[in-house]
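Structures for review follow.
In what comes next, subunit A is part of two complexes: it sits with subunit B in the first one and with subunit C in the second one.
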Partner chain A sequence: MSSPAATSLVEDRTATRSIPVPLRKLARLLLGLAVAAVIWEGAVLLFAIRPYYLPRLSTILMAMAATPRAYIDGFLRTLAETLIGFAAGGAFGVLMGIVFFRVRALREMIFPIFVVSQTIPVIAFGALVVLWFGNTLLAKAIIAFYLTFFPVTVNTLLGLETVDPKQVALMRSFGASNRQLLLRLQLPTALPQIFVALRLAASLSLVGAIVGEWFGDTTGLGVLLLQAMFTENVVAIWGALLAAALLGTGFYAVVAAVERRLVFWSAEQ
Partner chain B sequence: MNPAVAAPSLAVQRGILGAVLLIACWEGAARGLHLPAYVLPAVSDILLGLWSKRAILIDAAGYTLLEALAGYGLGCLIGIGLAIAIALVPALRSAILPLATAINSVPVVGYSPLILLWFGIGVSSKIVMVAMAVSFTILLSMLAGLDRVDRRAVDLMKSFGASRFGVLWRLRLPTALPLLLSGMRVSTVRSVIVAIVTEMLGAQGGLGWVIYQAVLQIDFVQVWSAIFVASAASLAFFGLIGFLERRILFWT
Partner chain C sequence: MQAARLPHPGPATETPPAQAKPEPLLELRAIDKTFGSVAALSGLQASVAPGEFVTVVGPSGCGKSTLFNIVAGLEEPDAGGILRFEGNSCHAADLLGRVSFMPQRDLLFPWRNVVDNAILALEVEGMKRDQARAKALKMLPEFGLAGFEKQYPNQLSGGMRQRVALMRTFLFERDLMLLDEPFGALDALTRAMMQRWLLDVWQKYRRTILFITHDVDEAIFLGDRVLVMTARPGSVKLEQIVDLPRPRRPEIVTSPEFVRLKRTLLDAIEEESMKSFQSSIAQEKTP
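Up next, the complex of A and B:
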């Protein structure tokens, strides 16, 4: 439980102070991690928490170090599924947002179907996808895609609609084409909103990847979780959870960093 | 769904047209191309299957909705309670928020195996999972709502001798209500889905259980029927909270 708390705290603080000094950030992150680790270890010892509920952090880390291959392979496999699903879902979401923005009739016809599609329980959808595409990396990526595209579509649409009509009129009067309008004005205006959705999508695509692995696979963090559950090995469950937390927080941090780079003008955050 | 209610009838007509086209293409593809049921059963077959298995499906939907509602209620209470605690005692913020963020950094479904081990495969494990999934969203939206109160309004009330609790009750809670309710609306669909996902890993009943059993028996009409029922249940829950939201927020 250590890493995420520390990361997000550090991120929030530096974001508001806006003095990005990489070294100080790193030091603070490591300090936060160390404090969280000590609190975890201490709390388990102090309150004599049974390992069945919460094992000592050192026990979990030692178990992970004992079989590093399983965790590294699982991490990389789940990462690949997450990334592919996220990239596809993000691209499709932005594209559909633009299409819905441009063609009102299509939006009114298809958007309700998108909404309903999001009420389909992910495991039911997953069952079908695994059936159609087999137990492949692609199937998991499609499940991650399915969870990702909708928030991106919604926020792209919202962001595009906040564009000032006067600015559009101004660019038009200088003879801007539709494409120029989109690339120079509308997408940049929508970018902060789009990134809000992309940050959410980063977490959701990981959910998709993990749940997708439950339909039977041999590697992946979701597989590790299930195997540990069947053998009632709580230490291994926590190990997989730690790895998932590392993956989730790391990916989220990367998306947030890209956001700060690209949306440098935005005061929001 | 929401825009359709407020927008003019053309939007509704187009929405219906879209749904009809989808169903027609689906039915046409399934029948015309003679797709086997495991690829895509025809809509009419699914509806027939739904009707013939209605007793099982209604039972399962009731079971799942009960878990989702109980967990949803519990999650809302926890989220709102923690947010109010932070609003009253600001020192709590630096203790609660990092812990909540840390717990939430693992995708919530990741906890399913652990929660199933701790609480068994009965109803309680699903309620706990739904409560976990809901409470964090509610906590964040409630906190954002409580924080966006106008400083000057607080100062004004204090200058008239309002207590911290008075400011909370008369000013901050009403200000927070729109954000809280939209967080609650978003959480509805999530709560049903988390209940179903947890049921898949082990349960004594419910839609997730029905879906998983149907997958194992390769009964794909049944899978699709359960999907239809799950969607309908989620939409009904979503609609209910959306309706309550519009009722409560009469001033917006």
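Up next, the complex of A and C:
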């Protein structure tokens, strides 16, 4: 324990700053981004890098600002595909994790099929899905789903298996039903593991959506990327790339923030 | 629900139960329990009267935990034994939800704060959260947890966590409480305080308690009766009535009566410890 004088001194210092911690963190993040942008811009100018390899950041941003509609539409479309695939994959994964945990026979029957399904390259699977569902938003969401459900299933199962048998015995001694056992003990115990998979799934569902768009569509970040590649428009490639990075990072940050709120106990232990 | 049971040919059926004694809350007769080739309990006999505080001591690995799991309803004894609760013969599984059980470790849920951990059993019973919380909040000061209701288990000391677990057990209002070495992991000072505190709470609520411990002092200090278990396979070797006056003061542990009781119990336990020690050595010699 520090002396009262020392603690009041610390309090004074924080009081004079009086900027909340999240804001300060955000400010540092923005500062970091600004420094990276300056280095990018400066390096291209200083070393005279040809735009074919690396265009100036300002050129890319100006090109994006010139045709904002395409980027905004593409962003929203890809976001929708990603979110639907992620939500469906997450829900299905948790459900299958619970089913496999409860019913051993089903695990032995179906789990190997899941594993085999994951060894099929997403490109091959994507071609099939587009054949079945056409160039619809659903088709892209299904490809995103295909990439996300498996890690969530595996981690849910792993998490459920870490439940302390003594805690199960305690709940049973209180007369708990299987449902109460699942909701009050097993799922909360598995939650940290489930979120590890959800963070991974956040990135994977974006990959699924973009790959899905490559099989043919008119809007989406994947489409922008493909068009830019065909026309060898380097600035447009970088533009689509930045938009995809923004989407991926933003989505990941949201999932991680939800995790910090819901799984507050595991970080502290 | 009840399977037909053969009448037990033990001596207990020959003599009619004494009228003067109140009917025991819990009665165990000829209880065996084997796990594969290992006999954990053999011919165990014990009874607990309503309102009584019974402590159980014995060498390690004597089957105390098996006994507790049976009484908590978590483990079924071998066929042939008799288990009676509130005067009715029953299966161990029938005791699930009827005995409040506190295991050795506090087993608090890290995602629940103090109050929500304490009301866990009430919630399982189907009580509304608000109602259960209100009930728990009233009990907090008695358990030395006033002002800590919003804290999470990782913010609490070992003694406090144990009190939360005890509160959870108390809130699950059942006639019989099973406590499995609840103070085993605490330092000596905290443990002594918790023992006195438990006696106060017990005297106020008048529950029946079956209490496992390694510590002979603790067994005598707390109990109306001490059961000493034999080495494995476990049964009751000695039943010692503790007629020390209540409320018990801390200095009672140095009184001649206390020391005399302790001597008797230690002799009995040591004999059994030697047996289990020798049998474990014999097992090592014959692989």
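By definition in this document, the second predicted complex is superposed on the first by the 247 of 269 C-alpha atoms of A that agree within 3 Å, B and C clash if a C-alpha of one lies under 4 Å from a C-alpha of the other, contacts with A are read in each partner's own complex, and residues count from 1 in each chain.
Here is the rule we use: a residue touches a chain if its C-beta (ideal position, glycine included) is under 8 Å from a C-beta of that chain, and two chains touch if they have at least 3 such contacts.
Worth saying up front: this structure is predicted, and the values here are computed from it rather than measured.
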Simultaneous placement of subunit C and subunit B on subunit A, clash or fit: fit
Touching partner for A:A48 - first (subunit B), second (subunit C), both, neither: neither
Chain touching more of subunit A, residue-wise (subunit B, subunit C): B
Touched partner set for A:L23, first subunit B, second subunit C, both or neither: neither
Touching partner for A:V234 - first (subunit B), second (subunit C), both, neither: first
Touched partner set for A:S173, first subunit B, second subunit C, both or neither: second
Subunit B versus subunit C as contact partner of A:L226, first or second or both or neither: first
Overlay on chain A, subunit C to subunit B nearest C-alpha distance, Å: 21
Residues of subunit A that lie at the interface with subunit B and also at the interface with subunit C: none
Interface residues, subunit C side, partner subunit A - complex: 69, 72-74, 96-101, 103, 105, 107, 109-111, 120-121, 123-125, 152, 154, 172
Subunit A contact footprint on subunit B (complex, rising order): 1, 3-4, 7, 10-11, 14-15, 17-19, 21-22, 38-39, 98-99, 101-114, 116-118, 189, 192-193, 196-197, 200-201, 207-208, 211-212, 215, 220, 223, 226-227, 230-231, 234-235, 238
Contacting residues of subunit A [partner subunit B, same complex]: 1-9, 36, 52-53, 105, 108-113, 115-116, 118-125, 127-128, 131-132, 203, 206-207, 210-211, 214, 221, 225-226, 228-229, 232, 234, 237-238, 240-241, 244-245, 248-249
Subunit A to subunit C touching residues, read off their complex: 164, 166-167, 169-176, 180, 184-185, 188, 191, 264-266, 268-269
